[in-house]
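Okay, so chain A shows up in both of these, paired with chain B first and chain C after.
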Partner chain A sequence: MQLSKQLNLNKRQSTLLACIVLSIIVCAVVLTGFLYDEDRIASNLEVRNAAPSFDHFFGTDWLGRDMFSRTIMGLSLSIGVGLVGAIGSASISIILGVIAATMGKVADSIVTWLIDLFLSVPHLVSLILIAFAFGGGFKGIVFGIALTHWPSLARVIRSEVMQVRSLDFVQVSRKMGKSRWWIAKEHIMPHIVPQIIVGILLLFPHAILHEAAVTFLGLGLSPHEPAIGIILSESMRYLSVGMWWLAFFPGICLLIIVRMFDKIGDNLRMLIDPHHAHR
Partner chain B sequence: MKKIGLVFVIVVLLAIVTGCTQSSNHVKEDVSIGAQEVKKDLILAIGSEPDAGFDPTTGWGRYGSPLFQSTLLKRDNDLNIVNDLATDYEISEDGLTWTVELRDDVVFTDGEPLTSEDVQYTFETARNRGSVLDLSILEKVEVDGDLTVKFTLAEPRSTFIHSLITTGIVPKHAHGDDYAENPVGSGPFQFVQWDKGQQLIIEKNPNYYDNQPSFEKITFLFLGEDAAFAAAKAGDVDMASIPSAFAQQQVPGMGLEAVQTVDNRGVQFPYVPSGETTEDGYPIGNDVTADPAIRKAINIAVDREALVEGVLEGYGTPAYTSVDGLPWWNSETVIEDGDMEAASTILQEAGWMEGNNGILQKGNLKAEFTLLYPASDVTRQSLAIALADMIKPLGILIQVEGKSWDEIEKRMYSDAVLFGWGSHDPLEMYNLYSSKNAGIDYYNTGYYQNNVVDDYMEQALAATDQREANEFWKKALWDGSTGLSAKGDAPWAWLVNIDHLYVVDEQLDIGKQRIHPHGHGWPVTDNLVEWKWD
Partner chain C sequence: MRWRFTRNLGIFLFWKAIKMASLLVAISFLSFLLVKQSPIDPIQAYVGADMLNVSPEQRERIEEYWGLNEPIMEQFWSWGSAILSGDLGTSMIYRLPVSEVIGERFINSIALMSTAWVLSGIIGFSMGVLAAMKKDTWIDRIIKWYCYTLASTPTFWMGLLLLIVFAVWLNWFPVGMGVPAGVLAEDVNIMDRIKHLILPALTLSIIGVANIALHTRQKLIEVLSSDYVVFARARGEKGFTLFWRHGLRNIALPAITLQFAAFSELFGGAVLAEQVFSYPGLGQATVEAGLRGDVPLLLGLVLFSAIFVFVGNLIADIIYRVVDPRTRKEQSYAAK
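Take a look at the complex of A and B:
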């Protein structure tokens, strides 16, 4: 936050700045990832195991593949998975949270039970099981992430909806004969939208890290595909011979992106809901 | 949010952490070398697990020593055939009757003596199971007293002797349904414990009739390549097989043993157009690889020498057939490879035209196919990727996919697969290329068929004289106009022969290693009885 002090920015401005910078980075990574074709990471046996240089910013691996291109493609895949996974997860949270809060006691206890069930098993375990059940691959990982990351956000939404529902103006609306749908649309949604946005932002780094973890463990994708987890796991073999660049650059890039999202999510939560943010 | 940081640290820095701890383990290992001099046990991480268990009638012992069982004949370290259970064997003049005399002092580990009835039972069971051991030629096995066995063949077969070398004898009285998981035999070792997916523990058989092994107990750990190497570095194993990618690395206290092999790697192409399915419903054939021009172009374009240098770090040789250098190999099958222009010409003449994205097209057919490799095998992964990248400039797009063997089994009839073979038995060549073996196990998954080649191979099998047999094998490879090699039909693109690499504790003497066949590490156990701690 040194920079924001020098520029004399307040929290809103610095968050906005971070958002802009991050979106530029993310867009650049995702776009280049999609625009790159496989030729960029073709093997070139003549330049195997090369240290970082101007030709290869991040060095090359044991087949002479350019690590910079592989990292970008891996990050692009990770961000894609993270985005789809986080949005999917958030949608599930909204649906279940609202159902729990509005559809009566039975629905509430079922949803609460589901939330407890999923929270009681470590994310990674259920993620691996679900990814496996969907036949692995990109699809399996996306489904796995979407289906495992919703419980905490669902719980927040459920309590938020319950709270809003018991407020006076909602009660008055109901007494005046407004429909459930109208109340949900006009009163409840505006209250929970900020929570959802923050929720997605905070789910995102989780999703990326879990994607990296699952691919690191060798689940789902072919071991030659450029996913960050796979790049990191195959680099382990070569670290002991001094090829540090195989793990260092992809790791740092992943760290930066995850940390930025995390920071923005935190800041946003603070701005939207200063009281609860410190809980 | 600390949690996220933590997860991240684990994911990224795990590698660095293991890198650091390894160096401290070296120190530990150096200290413990003194203790190894009195060691009586041995821990090995040399290869993959025999999934079907340890029953010779279903294929156990094909590679390396069967450990628990003994065989009628065996090969010595110079690959000469010598007696094991047999004291003598005779082949009748018409080549149809093989008479084997047995030693009289052999007992199974349960105390029962080994007799000719056990031999009869073993070979009849193995034949009736129709397993990877091809004994269909065996008409009947007769017993003459306790120590004489007579094999009668349907026709003379030169390669039958390999069945006598590789088939471990099982006890007739103790060969139940669970035999594969609890084997009883007369070999140098007896079975203690098998934890599936983890380890096999054996100990020496005190009643073994020949030279006793010098170890009380041997543990085989079933580890992947990475884990095996890590275990060797940590001093947890006395010997580990490693892929060539690790060959440059030094492991203190351990030395590198590179053993020459006929262990080859190559791509099997589906040979027929798509359409049919197997009995289990898996698709057969591939329209792109069914075109001989595609297969030949790949064979000519691939630079095998570069693969040996680049992927195997020089620990290997280029492979042109599955039998390079063996007595039945035809040296005319060596082709000029790495020649992109010649390959392009072949494709153009066959009607392949420039299409979208630089990929060739012939009508609506794109020159594109999938190459499967077993995901856990680093060497095959590297070969597959390097091959795909080498071939791409030619306009043929090879999609590389890493899969488990279970998944490969469903797709290997319709997708190219990076297989590995290599044997001391010319019968393997028959198995791989004979149309009779199309779709059987992992043999001839491409449904290759050439009647001329089939004829030559049948004649080779029927030959009574080895030299005559070899001439027919050579003709099957290439007879000047057709053959199963790359010069002929090119149903395979053989790439490299891989040296078998092991890191071995400097104190451990693994004897004189013979030229290894393929076999996922097990061939090294062939002379396990001779190993010792120095």
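Take a look at the complex of A and C:
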């Protein structure tokens, strides 16, 4: 905020700047996460339980593994899972939202009922249930996230499509004999695509947080993966002897990534909303 | 007018009940299918480490006894009719009827959740009011920044931080468990319980304030920019008096209903907080049931949490209808 004031940027420019910074960070994290091989987190018993220092920024754990490397790998894994989950969830909400808005009253009430159904059980409980049904692991968590996060975006898309459909120019082009497909492609898509992109961006932080939470509870990714949730749940055993860095740094990295995505998603939403765009 | 209002409320409740019933049936059916789909073997989960001593014949007999060989629809039917008669089955890990386990855990959880609920409600509301009254000052900016950051903080990580600071460094509170270790259940006094409750409740309330504070801030800003407040300001009212006379009543109702509608997040947060502090509540039972394959308990908890969330939403709806005079007037036109 302070920086953007000094450079005299408006919301559009500062959002762009934030996007660039975020994408550089995310790319760096994901790339290094994939490029790091297991050697980087091999156990090194000589430097067990070391507090953060210049050699090991985030300290080391009880096996002498470098926490910085583990955190980076965990983050790249979390981002991957979150991305897949968010995209899956967004696809469900696009399909259902469009169906509800275009296929008449019965379809609409069915979709509304489905939305109520998926909102009626707390997210975490349904995630646990779905993870249990798939026996844990990557598949369970991705399905869980995709199946639990769609209702809010589906609602937005539904109302947006309904609103666009009732606008004058759409009515006119229907009267002019344009096909349904043409109307969908030329009139409706340009309106809802930005909404969808922002929707995915705003779903994404939730997806990462829930992935970390379910993994933390022990129902998500397997303990051999270097996921953030695993790191944090393992660290619990060592907190009482004062090894605070095991939990602190991975968590704050996760928080920063999630916070930035949230911020950018929010800014973009304000920008595409005509009431706020002028600021 | 009065009788019509009561009748409308009755119709409203009737529709809500029907909707609830349809949702519950669908939830139980879906979760039953999901659970049956699981690769985790229920017999293995039940027997546990003694599985090596169970011969294939015995195994078959257990399968037959539990009806695991029948088609899924029939299994669902017998399970569903048992539930309708009030029998949720027996929990495999606690070897107690599921309803008993849930009841006992619920008492623990309700202590935790209601403390957190009240605390986060009051603190969040006051933060929102403060931010809106001091709009665009540094107080407002700090509160906003704090709330947005909290909204992206993992609940369990917040719990871990509190654990590090208060239980490990400062040694003020015990590290975990609902009661001190090695003490008989009868000897646990109320102080011990409260001591073990504070940290998880604090975690939940710290996370919970974000939503309500931001919402209250938004609403109060709207109210403060309305004509009658502008006029009141012109008359010379300001500060707390202004808020007390014109703001409070307008924003209290949305805040209260929002708090009731947030039961779902509260439950989810409680699952994580209970796990971090090993607090023996519903959330911990859910995790245990999922990890150790306790199907009856898991299904029972899913249904219970759905009812819990529904009750919250229902109370929110009813408060809106009963208290807010505007919705009361509108609904006489559009009774549904």
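Throughout what follows, the second predicted complex is superposed on the first by the 272 of 279 C-alpha atoms of A that agree within 3 Å, B and C clash if a C-alpha of one lies under 4 Å from a C-alpha of the other, contacts with A are read in each partner's own complex, and residues count from 1 in each chain.
The rule is simple: a residue touches a chain if its C-beta (ideal position, glycine included) is under 8 Å from a C-beta of that chain, and two chains touch if they have at least 3 such contacts.
Note that this is a predicted model, so its numbers are computed, not measured.
Of the two partner chains placed around the shared chain by superposition, chain C is the only one that A:A133 touches, whereas chain B remains out of contact. Using the contact criterion defined above for the overlaid structures, shared-chain residue A:I99 touches neither chain B nor chain C, since it reaches no partner.
When the two complexes are overlaid on their common chain A, residue A:H224 makes contact with chain B while staying clear of chain C.
By the document's definition of touching, neither partner reaches A:M270: not chain B, not chain C.
Look at A:M189: by the touch rule set out above, it reaches neither chain B nor chain C. With both structures placed on the common chain, the touch criterion links A:V84 to neither chain B nor chain C. When the two complexes are overlaid on their common chain A, residue A:L119 makes contact with chain C while staying clear of chain B. Comparing which residues of chain A touch chain B with which touch chain C, the overlap comprises 205, 209, 212-213, 216, 218, 232, 235-236, 239-240, 247, 251, 254-255, 258, 262.
Within the complex formed with chain A, the residues of chain B that make contact are 1, 4, 7-8, 11-16, 18-19, 22, 226, 229, 233, 245-246, 248-249, 306-307, 309-311, 375, 378, 381-382, 384-386, 389, 392, 400-403. In the complex of the two chains, the chain A residues touching chain B come out as 39, 42-46, 48, 62-64, 205-206, 209-210, 212-213, 216, 218, 222-224, 229, 232, 235-237, 239-241, 247, 251, 254-255, 258, 262, 266.
Listing the residues of chain A that touch chain C in their complex gives 113, 116-117, 119-126, 128-135, 205, 209, 212-213, 216-219, 232, 235-236, 239-240, 242, 244, 247-248, 251, 254-255, 258-259, 262-263.
By the touch rule above, chain C contacts chain A in their complex via residues 19, 22-23, 26-27, 30-31, 34-35, 37-40, 148-149, 151-157, 160-161, 163-164, 167-169, 175, 264-265, 267-268, 271-272, 275-276, 286-287, 290-291, 293, 298, 301-302, 305-306, 309-310.
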